[in-house]
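Order of writing sets the labels: A, B, C, D, E and F. Residues in every chain begin at 1.
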């Protein structure tokens, strides 16, 4: 994750919570007061964003804070694991606490859900990928969380990938024409993907050499037929309302990629506490 | 919700998803192509942010888009309810769709959960309030969603309210001293709130005329005793791991306010579809 | 004062004075030239913003500048007092001088006027507070200057306090209704304040349990009656055209708070010189 | 004054006062409520920034507000003059009021002081000019106020004019060398100005063809001698602690330009009221 | 080209040239003065950015300006062709002129060079593509100019395409390992490209199924062998110091793509005049 | 060149090329990988922007990078000269390379062309100056490149110099009236320049004491007559389609200044390589 871009985000998040200052803390603590605290996992989780995000929040506010973490992004930890030791000005610890925790809890939530999906498809060739159904303003962070906890990324934005959907096809009259128009415009470094609902559409995709074929909301039987039909001539992505109950069955059809919007739009925040040490 | 501030956020969210442009759509549609679509509730929900947020996203990208909505923020709707009719340039509809939906689904999720908590305490005097456990960058929107769907807002940020917590108290030696320091610094327009764990602390709060007393993670019996002890001399807030199973019991202790972090950190996104019309 | 927010302001102020660069200084001095200078009080004053603001301006432009100050914010100093010793690149000293002085002189002006008001009400219980009549863009700094030189702060902005004025009351039909609507919307951490012109209005405020009652432009007799009527059941604020001649009389009526717009809109800049040392 | 740049400033000023919204007004008024108000001069003053700044503040927040003003910038008005009629959403009028007034009052204060200085030198050839001792962040506005009320502008920033001061001269060894270095670097469209303390320095300036000679803190006799010595070969600027008592005498020495820091650093805000109309 | 992003760029460019305002024009023209002008091609050129960029610059400064253009982006025009008729406030026309022309001349320069390269490879299957050797800050505009004048785009930035270069390969030990690491990290929507210097490297690329093979600085004979070796199993890109003299020969080797840094780093600005009309 | 302003530009340029990150490099290198490289001149050139710009790009992305350069801005170097040695994280070197080179190559191109023009007028009194025909967004850098390689700068923007052109004159009725209006508005630190086409206009300029007279597109005979007519009473600038073939003849007419738009709008980028060292 590029820290050059990350810091701008984190500064905005700090500004949102600080507005014109932490009036409680400023009244009670002097700049010279010092404190220590530890971030602790309150339940088993896959950890992301402790050193890479939470520690960075503290340091952005005050470069003299020391943060010591030993848990690499993507690790699975047990209840009670100490994730980060923080020491420095009490004012800083209090002012940054909420932003650091809000971010870490959300990212660990996504990571924990992603690991569960990755576990569910273990020993198949399917990869779990995210979607653009991320929290507005947090895509950089959320896609990172997916990527380091057993998942993979789909395109980042509207500009780094092509996904030709039903509206696009309808407007062009055929998949063939849509693909032609897109190829005439987009870099050759982009792998064109087309959304299909039927085997007939899959065949049209193959005929025009599409790189990725998305099977959208197909039942398992049709999906299996599609995989067979494609026979390795394109990357195959399954998509549509995937959950932990259905994902294994989908993986076993032989698809390459399963995209799961729930990774980012429905993950529950993990519980991480900030315990103060004397 | 102040639209002056909102538009800056929405522009950033659009920029995140657009990066250098929607390469698929630009290849396929001309600026002259026109389309119509409808946002539809896929299940029963409390609606927030359709006209106030989603429609605004479309218009920010292109002021000539028309958005017609009839569902006021805070309304409860059934499956299939049409929430917003949108018409305009096909390019605009496709470029704004994901950002508009990502926001609307999240806000409706918060609103739906907030209504459930509000229902659960009906006919008690307790108000459900949010916390600062909001999604970084989305506080303006999320606190609005809570406020219009049956909940109320706690302080917005570190600068518009005082909450004296255990660390603050420890640093000062007593609640009395902490309150004295805070009153010497903060505007008289701020109502000082203190977090308490015991009835002894509650008594110290009363002795120094604190405006709001938070009962943090107390059991129901102690909570009831605290309410009685306070006897209307301060606003009483219950806090700590509240959920839909426990909230009614807490409300019946007679507290004025119940703060629920889950409203914003654990709401699940609602399912809202964008159906294209011919 | 939160330095996180301050630096953004200071950078903008430097950019305003630098535009595309200091063409005189760049032509004459090399980056290697070094100089020393001292900020000196040209008359007796209450000092604010020397280490906290002026020194910060120099360091923002060039972190290698050394600034040594011994005068704490809020101190009163005599003519000729050396406030800050600065050493570093001549280019930096010359480029930052005007911005640093413009700020320091203005803040010391506010602090000096605030101390005079604070002195005038000594041994009464009245506190002097500022208003929102600050210089656009400088509120963070000006409210800090008031706060550390014997004054206190009223609400910071339209979002961290409630002040119900005559227009609001007229629109609602009564103080009671205005207070009801506000309480239904704003956090319980906000202390509702109402502006009153008559004792009848004061009574209505008391009846609905308002936290702060502003007595707006009342004569001293009415003010005294109001204070008596309120009898400690609310914080009492006197407001309206207060000056150094009238403030003592007002304080002696027994009000808790006297708000003085002149602190920020009519303070005269102090004279602080930057003397170069060889 | 360039409106392209002005609007960015005004938006920041509005954001400073709004933070996350006007909580009082939002609770009490609906978006549909309408109101009218008038800005009124509470004493005689030279008016600047009513239509050009205050009206713009209201419209930036809400383009549907109507503002009707008939008083041109630079006009002198009597007590009670109606400066601007405003009509529109009550919410907008209340949210923008403070920012609009804070700016208008300050600019009228500068304009009123500038007119007084301009009056004091009437029928001499001297022009009154401002300095860089402006309020940080308001230079664009304050220099405009000077310019349209009988004064003129000195250089705007460090980058659009050259002023060689004692430090620059000391570093170069002589005025001649300082001027040489500057001419080698700065555009030929810049008129080089040198600060002098003695007639000897004035002569050195003449010898190297300097365009503007500043007479810094000279007594009237020396100033008169300097003017005679220069004999029209350069523009002559008098500078240093000029006030309304001394300015006429300085003008009568025959200088071309008198620079007055007080125009911007010591002007008192005018009193302008916003009266609500039914 | 996405106008949402474009406007931010154009505003910055206007601010660069305006700084605190156009002092000549403001002195001479009143806001009410009106003028008309025409942009005219001073020599034959391929036109880009007249309606899409230059007209937009005028309108951003002043939405009441009218701009009428009839020449579509990508058209080839003769000397003297009128490209855009502009009417509105004289102040606006003068303030925007330089920025509008600077941009239009540069973009037409790129378009004209791109057309020349496209002409040179006519009737071969080779496409001319740009590189990341664009002017810092102008990539959005320059890549658009290439795309609409007969060229195509290579990846936009470091984040929307993969190009594995010699350093990457050296660090991994082999192309195979580099490709493996990249595939494990990047979206499946990205087509992996590898830079090769030898036929052995080309073979390794084929073995690991690379989507695009770049032939870097190969002589024509080797290039022809490489094309034959690849035999349609990957897209083939020729790269390295291509110019108008060499491009045809390269195209005739049978490569699919020829990338030309000169399109953006060495195009000469076209001459477009702004003729005032009475 | 003011580094305070420069860094904002450079950050934007890095953001343009990075978007959401360098996906190739992040996949292949760990943060701990280290590398060394050298910037090398591929042909003889005048060097600008190596230490002052390119090195700064690397350090902005990562302050731990070491950059060692020995070639001062404005130096002329031979083919193969090593311009900058860079060492640090491989990720940083790869991510910053393109932006650093794009800038350095362009600035060296301008410097090399400027030196050629300066050489061409050697031993005349004419100075070569740039124009406002710079690349949008790069003016700060490009004017610096001109200034340190044998050229000089004309005004920076519309706000730091006055140039009265034919439109301005036509609108006022005469040069005399245009100059009068401008003098009444602009600071006395600005040297008024007027564009002339005829000797009659030159005479009118002299009559009203204009500081700089531009001879626009005059033939050499007329130019010589104009220089004689002016006789040192104003700075004389020649302008209009100057190139390396014509510049010497123009200089020999005795003009003081020759402005050359081509310096910035038609310079070709130099070729600078980044060679990796083991």
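In this text, a residue touches a chain if its C-beta (ideal position, glycine included) is under 8 Å from a C-beta of that chain, and two chains touch if they have at least 3 such contacts.
Note that the structure is a prediction, hence the values are computed from the model and not measured.
> If you take the chains that touch chain A and keep only those that also touch chain E, what is left?
Where chain A and chain E share a partner, that partner set is B, C, D, F.
> Which contact partners do chain B and chain F have in common?
Touching chain B as well as chain F, we find A, C, D, E.
> Same or different for chain D and chain F, where same means more than half of the interface numbers show up on both copies?
At the contact between chain D and chain F, which are copies of one sequence, the residues are largely the same (over half shared).
> Out of D-F, D-E or B-F, find the interface that copies A-E, where copy means more than half of the contact pairs are identical.
D-F
> Which of the two pairs, C-F or C-E, is linked by more C-beta contacts?
Between C-E and C-F, contacts are more numerous in C-F.
> Averaging only over C-alpha atoms, locate the centres of chain A and chain D and give their separation in whole Å.
Centre-to-centre distance between chain A and chain D: 53 Å.
> At what distance in angstrom does the C-alpha mean of chain E lie from that of chain B?
Taking the average C-alpha coordinate of chain B and of chain E, the gap between them is 45 Å.
> Give, as an integer number of Å, the spacing between the C-alpha centres of chain C and chain B.
Between these chains, centre-to-centre, one finds 33 Å.
> Considering chain D alone, which of its residues make contact with at least two other chains?
If we look for residues of chain D contacting two or more partner chains, we find 18-22, 26, 139, 156-157, 159-160, 162-163, 184-186, 190.
> Chain contact topology under the given definition, line, ring, star, complete or other?
Here the contact pattern is complete, since every chain touches every other one.
> Could you pull out which chain F residues touch chain E in their complex?
Touch residues, chain F against chain E: 9, 12-13, 16-29, 33, 35, 90, 94-95, 98-99, 101-103, 105-106, 132-139, 156-160, 162-164, 167-168, 171-172, 178, 181-182, 184-186, 190, 265-266, 268-269, 276.
> Give every residue of chain E touching chain C within the complex, in rising order.
Of all residues in chain E, those touching chain C are 19-20.
> Name, in rising order, each residue of chain E that touches chain D in their complex.
Per the stated touch rule, the residues are 14-15, 18-22, 26, 61.
> Using the touch definition from the top, list the residues of chain E that touch chain A in their complex.
127, 129, 147, 152-156, 159-163, 184-191, 193, 211-212, 235, 237, 256-257
> Per the contact definition, I'd like the list of chain A residues that touch chain F in the complex.
Going through chain A, the ones touching chain F are 1-2, 4-5, 139-140, 156-157, 160.
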